[in-house]
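So, here's a batch of structures to check.
Two complexes follow with chain A in common, the first pairing it with chain B and the second with chain C.
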Partner chain A sequence: MTSFKFPSFGFTTNEISFLAEQETITILPRYTMNGTRLIGAKMQNLRAMQRQDVPIWLALILKSQDKCNVVIPDWLTVNYLKQRYDEEVKEPNKFSELPWHWLPISKILLDKCSDDFLDHLYEIRSVLQDLREVRQLKARKGIKELNGVYLQLDGLSLMEINEIRPFIIESMNKLRLLSQSVRTDQLAGVGEDEAQQSVQGKGNAIDSEISYDDSQIYRTTNEDSNSKPSSSRFDRTTTAGNESGIYSSANTTRIGATDDRMDDADESEDSDIEYRIH
Partner chain B sequence: MSYYDIDDILADSQKLPCKFNFSIPGLGYLNGRPGEPIKEDNKVELPLWLAEILAICAAQGDDTANSEVENKQPQAFIRLIEPEFFSKQFLNFIKSDPLRINLSPYNFYYKIVSKWSYMFNDTELTDLISKMFVSRASEINALSYKSNDQFNGDNQEFLNSLENSERDLFKISHTSYKDIKNWFIEKQ
Partner chain C sequence: MDFSDILNEFKSAAVGPKEESENDRDEDLRKISEVWIKEKSVPELLPYENKLMDRLLERMRKQIEFIEINSIELQQDEREIKLLLVIVENELDRVQFLIRSYIRTRLLKIDKFSIFIRSDKEELAKLSPNETAYMEKHLQLLMDLYNSQFLGRLPENLQALDEVAGGISMVEKPDYGRPIFIKCNRDRQVVIDDEAVDLSRNGIYVLRYSAVSDLVKAGEVMVL
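Moving on, here comes the complex of A and B:
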């Protein structure tokens, strides 16, 4: 019924993979090569058996031509990952620190450079899988405490954020709309006097038979005596111009779906990125 | 709540039961009897946008003697009757088990809730419905992740009871999880 556009909510998996390939990695060239200018990067002069940092995509090209070996990063070892896994289990409310792109990088390296690993591949695969599952479980557990205003997930990586982003954005948006439907109404009381005056003037001008000034809605319930008459929708137009502090606070609950992704990309250096929805 | 939101427009055309406070000539077609007047206390179902305006706008009494009472407290054209899905019983049901409630007959339930609570400033209602949404949403999320479990027994029943925006939520979430799963499997 509703048209939902999935890609507009975030990145596709291939886009994230692409971003991950911009990260640098250390390689051991097998031959001495002259550097060259490339689009978006510059390849330094390479000396045989001398370590050099290059972007992952370049390393992959050299690797596919058998011109280098890739030095597997420190965090992609069974020891390190096991430690992180223990941390995850020990602290149920925290995500352990892993690189911003740990999922795509580990996948790329396992796919393309499997001969460079010192540990057994199956061990690395299984501990990566464990890590991913335990973190995913935590992220999904956090959904039970969803509200319309704020969500903080420290230490989650881009791929993991992207996975739950469409769901979270949709449901937070819903909650925000629900809670706003009453809050704005209470705020209408702030400028009530002006609103009443201008509304009365309007009512007289438009039609003598209809007046908006006593805008009460009657509801046939037994709580009728308790329920206060609510201000009409027309009040809103007048209070909107009136910049009260409370009004602006309601605005901060806006979810920045499109703004967020720029932040995400910028902060890619940090490993503990805070994913905040303003 | 955006102006061009098609869901918002459709939600606005959902019908609410109301009662007329006045007898109005020529409005019988609302009641299925064209040509005849609509009588006081006649029950009609009006779309939300119309009901809202009529419930807000007060009819000003004419200059006859018996309108003095009305002049003191101008009466709206209609009164809104609490619909079934806002009744005490229904809300108690929500309180007791939010996952068991069947929202599929009520299209745009959440939108109607926010419009209703906007009119009556019903904080209690929005709090309750928000709570219900959170617990339903986490269940939706869990089910959209486990693709195999969706179609057995209770889960199937729950998925059938979703309101249409919840169903969209399920789809969105499911697509996202599926994408990542496929990406993991695929070899480059």
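Moving on, here comes the complex of A and C:
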């Protein structure tokens, strides 16, 4: 059994931002200027003071040359975000509706177009941060539901998905392999001892990026198969407290680590726009 | 649909997609992003997007031409064209990045599964001619290296690289059971481990690739 790992598996923060930059945004050109043919849709002629929808990357180029003002989208206002935050608090089991790329877009706009905001920047930043934290907390709680079959994550944005992706994929894969091996052993009618061994063997063979507390998992596995050898503990959507307990306690540390890395990446991240314009 | 519509349709089919509308162009760009995401997230190799790539490469060539022609005329101090050039170059870079990353991802998979791909006609059909040539050459080099370095000195019955006997296959295959993230366009149902799972519209799910691979290939669910 080989673990399947491409060096390029998953997306980097920069790649997600790259995708976000393809979204459109409304700008208010300061000068009249001709458009040009592009590989994608043509860049329209710009007329001074007439609103125009353009991709964000294009808006950023124009902005950096002081050729336009960016119209801050409706959702990036203190008022709107506060409402979403209240929703998040009120409904602990649901994510509020936010744009698919709200994190990278808000970051880009705060960095590059800070003079276009009508609200105070510090207010926007703080409510964005609140929103992010409350959603992150929920996403982590949701990991309790993790099982080998499927998981539903409605309402998360792409960036948020990307943050938990490596963890979720690896652990679901592992749970699936475990449940599979339990199942085949049951089918083959292997004796209890052997079944136990093979579960352990599997566990060892799987080299994981994710550092659970190994001993803990093996212990519970053993107890489990000792007490009720035929139980399909890995099979179902289990929400029983003691089981998810193991995972969630190990998770917190793991996700915490990812976060640190993400933050670093955020800081060192340069927009690829910038080096072009001199 | 009236008669002129039919005529138009016939005409456009006869002339071919020479003059693409802005919509098509926009759509192509959206599509290449999607294709790139798909290729990166899915465990197996997907069919090469032949037509899409041809269109994009052709347009990229035109853009490069545009840049070259216009940068010669730059001496005449035209400020506006300078900014336009920056924009064109920037977009070109962005598309180039997507295409490069797409191809690299494919090459990674091809390297990893070359023996498996060679053994299967259906898999082989997913490669572009260039990719096939690359795979053959790469594999040949690799074999030569292995043989001269150590395989040649092993007993003959241990030399094979594609042995499947003994219950364990040496040939590396994509792990179809690996979970992927998807978003559904509409309500549907998939079966996982003999258990029906309802997927609702706009829901985001993580589930094993084998359960949705047909939907992914048909473009009916969005891979994240």
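Simple rule for what comes next: the second predicted complex is superposed on the first by the 172 of 278 C-alpha atoms of A that agree within 3 Å, B and C clash if a C-alpha of one lies under 4 Å from a C-alpha of the other, contacts with A are read in each partner's own complex, and residues count from 1 in each chain.
By definition in this document, a contact is a pair of C-beta atoms (placed from the backbone, for glycine too) under 8 Å apart; a residue touches a chain by one contact, two chains touch by 3 or more.
The structure displayed is predicted, hence computed values, not measured ones.
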- prompt: Which of the two partners, first being chain B and second being chain C, lies in contact with A:Lys144: first, second, both, or neither?
  reply: first
- request: Applying the touch criterion given at the start, work out whether A:Asp74 contacts chain B, chain C, both or neither, answering first, second, both or neither.
  value: neither
Message: Is A:Asp115 touching anything from chain B or chain C once the two structures are fitted on A? First, second, both or neither.
response: neither
Query: Should A:Arg37 be classified as contacting the first partner (chain B), the second (chain C), both, or neither?
result: second
- prompt: Thinking of the overlay built on chain A, is A:Lys174 touched by chain B (first), by chain C (second), by both, or by neither?
  reply: first
Message: Which partner chains sit in contact with A:Ile61 here, chain B, chain C, both or neither? Use first/second/both/neither.
response: second
Field: Which of chain B and chain C A:Pro166 touches, first, second, both or neither
entry: first
Field: Which of chain B and chain C A:Leu156 touches, first, second, both or neither
entry: second
- request: Name the residues of chain A shared by its contacts with chain B and its contacts with chain C.
  value: 2, 4, 6, 9, 165
- request: Within their complex, state which residues of chain A touch chain C.
  value: 2, 4, 6-11, 15, 18-19, 21-22, 33-34, 36-43, 57-58, 61, 65, 67, 149-156, 158, 161, 165, 168-169, 172-173, 176, 235, 272-273, 276-277
- line: Residue positions on chain A within touch of chain B in the complex are 1-2, 4, 6, 9, 12-14, 17, 107-108, 111-112, 140, 143-148, 159, 162-167, 170-171, 174-175, 177-182, 184-186, 208-212, 214-221, 227-228, 230, 232-233
Statement: chain C residues touching chain A in their complex are 22-23, 25-26, 28-30, 33, 37, 40, 43, 56, 59-60, 62-63, 66, 80, 83-84, 86-95, 97, 101, 104-105, 108-109, 112, 172, 174-175, 177-181, 192-193, 195, 197, 202-208, 224
- prompt: Of all residues in chain B, which touch chain A in the complex?
  reply: 1, 6-7, 19, 52, 55-60, 73-76, 79-82, 110, 113-115, 117-123, 126, 129-130, 133-135, 137-138, 141-142, 144-145, 164-165, 168-169, 171-173, 175-177, 179-180, 182-184, 187-188
